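First chain written, first letter: the chains are A, B, C, D, E and F, and each begins at residue 1.
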Amino acid sequence: MADTITAEDPLTGEEIELPGDVEVGEIVDSPATGAELEVVSVDPVTLEEAPELEEDWGE
Amino acid sequence: MADTITAEDPLTGEEIELPGDVEVGEIVDSPATGAELEVVSVDPVTLEEAPELEEDWGE
Amino acid sequence: MKRETTESEYTAAVVGGTGFTGGELLRLLYQHPNFDVVQATSRSKERKTVGHVHPNLREMDLRFTSPEDLESVDVLFAATPHGVSMEHIDAFQDAADTVVDLSADFRLNTEAQYDEWYDGHVCPEYLEQAEYALPEINRENLAGADLIASGGCNATATILGLKPLFDADVLSGDEQVVVDVKVGSSEGGAGGGDASSHPERSGIVRPYAPTGHRHEAEIEQFLGVSVSFTVHAVDMVRGASATCHVFPESPVSKGDLWKAYRGTYADEPFVRTVAGGGGVYRYPEPKSVAGTNMAEVGFELDPSNRRVVVFSAIDNMMKGSAGQAVHAANVALGVEETAGLEFTGLHPVGAP
Amino acid sequence: MKRETTESEYTAAVVGGTGFTGGELLRLLYQHPNFDVVQATSRSKERKTVGHVHPNLREMDLRFTSPEDLESVDVLFAATPHGVSMEHIDAFQDAADTVVDLSADFRLNTEAQYDEWYDGHVCPEYLEQAEYALPEINRENLAGADLIASGGCNATATILGLKPLFDADVLSGDEQVVVDVKVGSSEGGAGGGDASSHPERSGIVRPYAPTGHRHEAEIEQFLGVSVSFTVHAVDMVRGASATCHVFPESPVSKGDLWKAYRGTYADEPFVRTVAGGGGVYRYPEPKSVAGTNMAEVGFELDPSNRRVVVFSAIDNMMKGSAGQAVHAANVALGVEETAGLEFTGLHPVGAP
Amino acid sequence: MKRETTESEYTAAVVGGTGFTGGELLRLLYQHPNFDVVQATSRSKERKTVGHVHPNLREMDLRFTSPEDLESVDVLFAATPHGVSMEHIDAFQDAADTVVDLSADFRLNTEAQYDEWYDGHVCPEYLEQAEYALPEINRENLAGADLIASGGCNATATILGLKPLFDADVLSGDEQVVVDVKVGSSEGGAGGGDASSHPERSGIVRPYAPTGHRHEAEIEQFLGVSVSFTVHAVDMVRGASATCHVFPESPVSKGDLWKAYRGTYADEPFVRTVAGGGGVYRYPEPKSVAGTNMAEVGFELDPSNRRVVVFSAIDNMMKGSAGQAVHAANVALGVEETAGLEFTGLHPVGAP
Amino acid sequence: MKRETTESEYTAAVVGGTGFTGGELLRLLYQHPNFDVVQATSRSKERKTVGHVHPNLREMDLRFTSPEDLESVDVLFAATPHGVSMEHIDAFQDAADTVVDLSADFRLNTEAQYDEWYDGHVCPEYLEQAEYALPEINRENLAGADLIASGGCNATATILGLKPLFDADVLSGDEQVVVDVKVGSSEGGAGGGDASSHPERSGIVRPYAPTGHRHEAEIEQFLGVSVSFTVHAVDMVRGASATCHVFPESPVSKGDLWKAYRGTYADEPFVRTVAGGGGVYRYPEPKSVAGTNMAEVGFELDPSNRRVVVFSAIDNMMKGSAGQAVHAANVALGVEETAGLEFTGLHPVGAP
């Protein structure tokens, strides 16, 4: 399987697994919570909560 | 309102109203039945049942 | 709200006013320009307002009274279970000049049919006098009729779907005809039982009359063909959809079919032919006609199986019962045929 | 079917005629005694019949034309997404004496509000001129108005529910007000996305605007209170139901509440108060008003929590948009206020 | 089909086996590696097979027997209406070492609470002995318990949603808490009445417990807060969704909230936090957990109103009753906590 | 939650993991005691977690990867639209010892059939090698198969319903057979279009394949009979229900029918015969088997029309696709045939 790395989920403090080649600016989702996270730096990978989505969907 | 002309619905034999500038090959729908008709000639306008649609939709 | 009418000519009563079709009758008559509803009966909700049961009619200023005390009216509509009208027909006719019955009690022509399909009949002498309500097949006999039998909902859907094929001699009556019907939960009436509770009735495709449905009798009476009839309950409240699979003896083209359907229905205000085309709605669908008195009919050709598939869709509470009854009353009384039945239905709409 | 009218006084156009509220406008105007629909626009279905998209309107003899070629009419109804009307308001006003807009583009009073809640405004100079459509709160300013802004559906439900409490000084505007809304899928319009496909959208209770819904702005503008607003999508197509949880500073009795609601709505043709009682339907429910222009409002007292719970229910496609728009146009033009809006709704009915 | 088990250690009986939660218990126990169902009782369907009532269990080889003749078992589950278990608790305890009751009869701590919220209690001496079933708040007391009271479905949803805020001192119990609940039709049990027939119950948003719901008592008992509780019936069969609107005294960030929820639930096998993110499913939804013993909890921040909105969703038949009961029994007996409760639920799924 | 397995023997990949049947495969394999899912592919959701799309699988620790980079596995399941597998079959076989394809690409025996019913075939040389997945008709050839073609959902329902009548020589293949099918919205896959949005798709009975459905080809291939096939979309998400109307040449009794059905299915773990009886559930219904790999089959006799009506019901996502695929893989690999497919379904349940 593709290489993976781990990073800390900024929302929950837990380690999450990510594809090895994530890039700055990429949005990834947290497996435990479904939340969207932005990769703000690599090496080591740090994540932040992704900017707000549109206020609602399906409206 | 835009000019309209009439043509005979090949399926039902009734007169139907169409935009004045229909072109050969255009697909129009019949108001009474919803069926799709193809303009096969203009001046005068003659219509034929449009070729089969895909067998089903939403599948 | 009550449409203003200066011209209400006829008084009307609804027996069985708490029921589903009774409620529809009240709604239609309340807004009908030629009727004034003076009585709605109920045994179980006597003295309650009509709006207590039918929340859409809260503005209607009327309370249920006992069916034992019938007002004298021009037209009495009976929306009671099978068997009630035949027991009370004399009282109904005493109270009203015209009786329109929504049950099966006066639909068939002969006592023999009631013996075969139901549990006999208590006043077969009325059968000859009764006129079937469906104007599309019996308009000429409705004018002035004083006992009108509104058709069965599934029978109505089937008859309307197949009639053009008989009119145009595509079918003769000897063919195998399979009728596969799908109906909503209002067809069972307000009573209901275990099987019609929301948890048990939601999301189903349930064979509820696998064979031997009594509506076969009406279909045979009017079309002269014996049909193989199966009814499924599906997840909607209003609506009856009949799919008829027929196998004409001679080949038939789409043009022939269009000619047949237009021939029969071109001038009918309440029948629309829908057969193919584009967009989302290409064939008859109950939700396109929900709340209305329209029937949609249509067809598709299956040349490889020498089959014609006929689709028809109605609102069982309207074209299949209360709407048909009002339509027939309009014809019988000679008022505008479409009066009170102009609602076009809604789009989009969920599972009305 | 088209109701016969000898008296059609006004011509009307619908911009955005393929949409959900556009379809409702077409339906209402088609049957309205005072209107004649001469145009319905669409970019995507140009030249198709109205019935191609709205199967309930197959009898309507009209084809979609481009919004670039507007006919000259008395009243133009715009049923387009937010932002379109503000871009085209000059063309709309050139084409029509009266413009009724269903979007949010002219609902708020000031540019500042658009900066805060939306993405600004391109023609704020029109905001002062525009009149909010809801007659229950703005009837006096609608007569003769030439730019009318139809209210938001969830805002309408909320405003109608809470207004009597402000009128009767039960609330002052400083209280905590929680508004918990449940809406059907037609609120999203015909566009839809992944979340609105049938498999994903069926059977849900989905928090779809957990906080910060833009309708808060309208509510605040008209009631002077800032509300805590949360919207859930539930499994119905039509309907918006708002439950307001309010905590009056002084104790209030049921009698006070009845007085407040009767005080505000006794003469309103399209608001009905339902609060308790027996039977199945005891409080406001969207399905009781589906297809109609009625709003149901009601309340219950929770003395142990010093709370009043206010319920309101509308059909988002009617009282929440197209019906409200036609109602306002009736008032603006001085025709019978209820004209074209008399449909009472259905019972029973499933998930309309 | 019955999962093969060589290791069934415990025999079980279900009293009230024809009911909705009784059926779920039978399903869970039938497939549970540690249980063997030896009795299911019914008064109305005595001698019928379990599959006669529960079509998903046609392969189960068991017939209903009278609740008067209880088998001797390790664990007796009572799934009977409120009041039945308190009448029969001695018989139940004679028949079984462990009694798990799904009704409200043993949920509250004191007779006084039963006097206030119910109609008193006939055997208050058992209240102290009874343990509340929800492991998330009472795991430590369940081991070896011999009388277990399974929680109310709406109370369970609410408690699970709010608990982290109390654990993390975001709330203290003095705040105004509004709980707006939406539930499916199975919550009413198999009995049903007029209001739960398919035609009346479909497509609704119906305020069915506008105020004063008895589950307030359980919530208060466990969280120490008095809640303003309102329950709506919506169109689904399974599912309870609670939206709690809370107003913390001090400002709180999303990070604080995540910390609170992870703090409380990180190790819980049956609670999942879902709060935001992309895709179709962003917050707790009952259909995501339908058929499973999972609870989804989540939140959103509304800074402009100083509000936190908390969402929670469960299957009322599972986490809200039968699943919780089996979970508690697992803990009580010391078997694998998740045994028999591993089903993940379905996607897509309609309105389960 | 993941069921603990010490014994996972096989690795598995799912191509098309974001789709509806792909999601079901992931769910089944995730809980299967003999499989370990190592890859799920998606082009549109690459790097997203499986739980992002399938909320029931949030606990599954796996992200979608590109179908261009296939892992080496024991079994590859392809759940892609028609045409994809035939293009990629070499890559699939390179990556996996066993390929199970859910599309129609390898169901038919000959290139000629693909020319007639589809748009031809790009690698007809594989057709001979491929084995149809339905164990009830092809168990003996599945052991060790390395290319397995999972059947069409409507074909599966029809074949299972009719097979006993052919086995028992009640039908010979020359008879007229009408097959009237009702299906849920998941049959259309996750893609969907206008017609499958919630507002348009709710509450329908829509003839969506009036004639000429491609599944006729599979039915003919396995039963040797040409059927008149019509498919309706109804308001449910999961489920396919086929009603076959057949007219045997010689009279047949109910006893004959029972004998036929028991003869064919007595030992089948995933077929249940339901035909009459009492209670609410008397004939096959899709909701009784929703979420499960069971097929219900049943019948009723209509002597007056010399007709047998055959009902069958499956979950299209399970017995009709993913469940059948896993069942076939179990047989092919020689593991316990029912492994991973034991879920019994729910009662009550709405419209799953």
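Rule of thumb we're sticking to: a contact is a pair of C-beta atoms (placed from the backbone, for glycine too) under 8 Å apart; a residue touches a chain by one contact, two chains touch by 3 or more.
Since the model is a prediction, treat every value here as computed from it, not as a measurement.
Here B-C and C-D are compared, and the pair linked by more C-beta contacts is C-D. Where the sister copies chain D and chain F meet, the same residue numbers recur on both sides for over half of the interface positions. Centroid analysis (C-alpha atoms only) places C farthest from chain A.
When chain centres are set by their Cα atoms, the one at the greatest distance from chain E is B. Per-chain Cα centroids separate chain A from chain F by 37 Å. The distance from the centre of chain E to the centre of chain F, each centre being the mean of the chain's C-alpha atoms, comes to 34 Å.
Mean C-alpha position of chain C lies 45 Å from that of chain E.
Between the Cα centres of chain C and chain F there is a gap of 38 Å. Counting partners per residue, chain F has 20, 48, 52, 55, 58, 185-186, 190, 192, 195-196, 199, 201-203, 206, 212, 236-237, 279-280, 285, 348-352 as the residues that reach two or more other chains. Shared interface positions of chain B, defined as residues touching 2 or more other chains, are 29-30, 32, 34, 57. Residues of chain C touching chain E in their complex: 20, 185-186, 190, 192, 196-199, 201-203, 237, 350-351.
Residues 10-14, 27, 29-30, 32-36, 49, 53, 57 of chain A are the ones that touch chain E when the two sit in their complex.
If you check the complex, the residues on chain D that touch chain C are 1, 3, 20, 23-24, 27, 30-31, 48, 52-59, 184-186, 190, 236-238, 269, 272, 274, 277-281, 285, 288-292, 317, 338, 342-352. Taken together, the chain D residues at the contact with chain E in this complex read 176, 178, 180, 182, 194-195, 199-200, 202-207, 210-212, 226-228, 230, 232, 234-236, 239, 241, 243, 245, 247, 279-280, 282-287, 300-302, 304-305, 307, 309, 311, 313, 348-352. Of all residues in chain D, those touching chain B in their complex are 38-39, 47-49, 51-52, 55, 58, 60-61, 63, 65, 69, 71.
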